[in-house]
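Quick one: the structure is below, questions incoming.
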Amino acid sequence: MARVVVDVMLKPEILDPQGQAVQRALPRLGFEGISDVRQGKRFELEVDGPVDETALARIHDLAESFLANTVIEDFTVRVEEVAEAVK
Amino acid sequence: MSRTPLDTVEHAAATPDVELPWAELGLKKDEFERIVEILGRRPTGAELAMYSVMWSEHCSYKSSKVHLRQFGEKAPESDAMLVGIGENAGVVDVGQGYAVTFKVESHNHPSYVEPYQGAATGVGGIVRDIIAMGARPVAVVDPLRFGAADHPDTKRVLPGVVAGIGGYGNCLGLPNIGGEVVFDACYQGNPLVNAGAIGVMRHEDIHLAKASGAGNKVILYGARTGGDGIGGASILASETFDDAKPSKRPAVQVGDPFQEKLLIECTLEAFKEKLVVGIQDLGAAGLSCATSELASNGSGGMRVTLDDVPLRDSTLSPEEILMSESQERMCAVVEPGKVDRFLEICEKWDVIATVIGEVTDGDRLEIYWHGGKIVDVDPRTVAHDGPVYERPYARPEWQDALQADDAGKLPRPRTSDELKDQVLKLVGSPNQASKQWITQQYDHFVQGNTLLAMPEDSGMIRVDEETGLGVAIATDGNGRYAKLDPYTGAQLALAEAYRNVATTGAKPLAVSDCLNFGSPEDPAVMWQFAEAVRGLADGCRQLGTPVTGGNVSLYNQTGEAAIHPTPVVAVLGVIDDVARRTPAAFREEGQLIYLLGDTREEFGGSAWSQVVHDHLGGLPPRVDLERERLLAEILISASRDGMIDAAHDLSDGGLVQAVVESALLGGKGARLIVPDGLDAFTFLFSESAGRAIVAVPRSEEVRFTDMCGARGLPATRIGVVDGDTVELQGEFTLTLAELRETHEATIPALLA
Amino acid sequence: MTARIGVVTFPGSLDDRDSRRAIRLAGAEPVALWHKDKDLKQVDAVVLCGGFSYGDYLRAGAIARFSPVMDTVIEQAKAGLPVLGICNGFQILTEAHLLPGGMLGNDHLHFICRDQKLRVENADTAWTADYTAGQEIHIPLKNMDGRYVADRRTLDELEAEGRVAFRYVDFNPNGSLNDIAGITNAAGNVVGLMPHPEHAVEPLIGTGRTDGLPFFTSILKKLVNA
Amino acid sequence: MARVVVDVMLKPEILDPQGQAVQRALPRLGFEGISDVRQGKRFELEVDGPVDETALARIHDLAESFLANTVIEDFTVRVEEVAEAVK
């Protein structure tokens, strides 16, 4: 079993009210030096079987047709080796 | 990023032969030539941007204007009208010093492309129109139409649209108190997402969109300007002048309801301190529209420095800034001495506000960029002197055949069992089924003034806590009726909304509309449009309810196929004491059920013909507006004098639909008898207009029937509120449980 | 002399006016408080009302929790100031860790607005004394993020100490664990719930019931008799 | 300028109805072989200046106190080298 991660972010030119709200709150929390914040979605898909070219291509289709609305969003698909928490 | 050289007015005058992409911007050759003629030179890129958006169908009403004039010409005398057509929204007097503004707008196409954001920004736009009048928005409504309920794309569009309307309206704190949900294959690919809003203010707080007083400052406030909805302008910016530009800008806008909520609060606070001379929301055509409209409605000119507009994207060209449709922005004209206070209020609410220009002595709108003058126009030529078309129109050839295909000839149920089956089929069909799965995604309670909300006949809001003054609103439309006969269809929409308001005890005062049609370039569609407008204008004159404003949405079609002509009508009413309102639910056993009005064999365009036979043909129900007016008077008097405890209007689905709804709402059944002179089928399913059912306490029966008799309104006792079944004597009995299951399961099964 | 009850307005608060109306109808004096002011104007109790503070961006209540007024509210709540968090206010209280657990999106993923039946499980808090334990009431509910979650240990503790103040009856509208509609802190001065008692204070309005009024009369009596 | 990404996911023991809704829709869309889907948030922070140990530690604090609610969510912080779209 492997994990494929699809990240979906609003296109850069599209307003991201959520990211902006976070950014505006930062100074109040005493955080400086962050010039932009954007907030998107992260999907973790647990795939049975090997994640080969074909599987990735199918997930790419899934992302394009369902997980993202490409009118306003971009997405990336990648295989995640190990889920490693910095925490 | 500035291109070389900047296309200033001077530069334009000196380079008359530069090719401009007017066609790509949607202008016709003669329209472009008119612009050249008006200016006496070729327009600059920025001027072309402004003219092209302001002269678009959406902003200039170039195809519809010649017809819409009837709303003014035929307007009935009305003391209630304070502000009429032409402003952001109409305003009516509701008494006690209060005024109410309301309007309906469409956001059809964007909602198909991106259902959530398209619908959300539709709510945002209509609410800004309401604030721009000086009012506090108090409620929204959302008449919606989708493709077939079981079409896969409906499952994509509808949940997104509903979530978007809820997501935006709920976050603004506006109760959603009404609307419609209609399914019909004709809206596949062209869903109709109409959104309406109501606002309340004191008479003295009415504000208009005009810039007067030389020296007064023009303040842009709200969201930063980004590259939203400016496909056309980026053509202008990139392909013609500077190929380094990104050539594609998003056509869909993302809404920020939180920003809009702040905009509402800070605008109202500025109004309260009398800081605002004139105000305009930024909607379609953004700054182009706001500056040219403010300037042309005022007494002087206006000078704007575009460099001062706060941007979200620093690469935007001046053309793009002028055309951007970034949401949640407003423009206010403020006296110099009050600017500081205005900015302070904006800061209090964390709203960005910037002085971008001032009102001038002259009569020109001048816009500067990087020190150069890029716009120098008479603002009236941009805002008001757009092209006007007398589009050809002709009754389509198929209309006769359609009308000849009489629904009265369809096979009717022959046995009691068939009758019963068809009743169940009707109340469980997507169009007649409970819309609770949808409406429970909307906040009905916020602001603490909601008396009635879905599924009541009209939404009702308390305006004054002390006196109990309230307003009611209902929106209605029936594309099937309008397809059969657009003139009558428009009047039926009006009649139904009017009746719905009266059914709850409120007196209908004024009308707004949203006219959804196919392509005006098709003479058949144009005929439908012309007929609908004529029908509505005639109807409003007869009912004494002026049209105060509205919206036109054209080009709702896929290829050659246009949607059904769909005029949606909103009627606003007033009630002196909301404690006297009449709900639809049967609540007391033993109360007598009366049917008001005449029932005829009218099945053209009916729900029965659709649900049982998938048929559309014949003539829609007849309209008798004098009867509607009488019915309304009776319903209002009966409510005021406490003669009725429930009332429900009869419309699509006919009597049985209304009885089932009232029974389910109150959890009390009904025993019905077919009255003399009618057969059971016609009694249950006819859609004759001008009818309602009422529940009358026995103690009031004589008083009530005397009143109807004296005023000449047919009132027929058809049964009694009783038990936990709906029974038609001698025909069938259905338990409330079974009816509820059938009525409530349909929509979740299709969409959840 | 009556009690002064503050209602905080955050950017995006929606039910501040409604909450003040409910306080007034109960006979107390409503006092408007502003999120940027640390000063609570010497109120005797505070209501954090419903709405979408900061658009509910990031997480419901997450940004509001860091406002200046909350610094004071947190400090004084710990010292015993009665605080009622309604809906968004409840979310703010969990984000501020004045109440345990957290709020997540409804399990059905939709906003839901309905007349909700609740059972009052704890009638000993500052805000529930005018109810009786076990009483069933109907209060409007309307939210997107109403799913109460907490780890098992916290839930067990809440149950054991009788700190589940309200439970959904007949229908759990959002997937809250243990059908929890509202909870209280151990001292009983801080109470949070998802449904909106301020929308159920007038017989004509909304659902036409007044089942929410006792929240406000409870606190009034407590403050006046104190 | 560098980009730091903070991924926030619901703790594994907490029901994730959004992820489940996606998963339930997969067969309808003709996708098989995905055994689990979880949906979380992705924040992209544009940081002025170098992203050294100190900067990362501060962003870690920010994530812990603000971007995630650790009562219900886990998070990871990482520096993103290049935003590379598989798309």
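Chains here go by letter, A, B, C and D, matching the order in which they are written, and residues are numbered from 1 within each.
To be clear about the criterion, a contact is a pair of C-beta atoms (placed from the backbone, for glycine too) under 8 Å apart; a residue touches a chain by one contact, two chains touch by 3 or more.
Fair warning: this is a prediction, and the values are worked out from it, not measured in the lab.
A centroid comparison over C-alpha atoms places D as the chain most distant from chain B. Centre to centre, using the average C-alpha position, chain C and chain D are separated by 31 Å.
For the pair chain B and chain C, the distance between mean C-alpha positions equals 36 Å.
Multi-chain contact residues of chain A, defined as those touching 2 or more other chains: 17, 21-22, 25, 29, 39.
Looking at chain B, one finds that residues 256, 258-259, 350 touch two or more other chains.
Across the assembly, chain C contributes 54-55, 57-58, 66, 108 as residues in contact with two or more other chains.
If the chains shown are joined wherever they touch, the resulting network has some other arrangement, not a path, ring, star or complete graph. Checking each pair of chains for touch leaves A-B, A-C, A-D, B-C, C-D. Taken in their complex, chain B has these residues touching chain A: 113-114, 117, 223, 226-228, 246, 249-256, 258-259, 312-313, 326-327, 350. If you check the complex, the residues on chain A that touch chain C are 17-18, 21-22, 25, 28-29, 39. Residue ranges of chain B in contact with chain C, taken from their complex: 163, 166-167, 170-173, 256-259, 261-262, 349-350, 440-451, 462, 465, 578-579, 752.
Those residues of chain D lying in contact with chain A across their complex are 1, 7-9, 19, 22, 25-26, 29, 31, 33-49, 55, 58, 60, 62, 64-67, 74-78, 83-87.
Contact residues on chain C toward chain A in their complex (touch as defined above): 54-55, 57-58, 63, 66-67.
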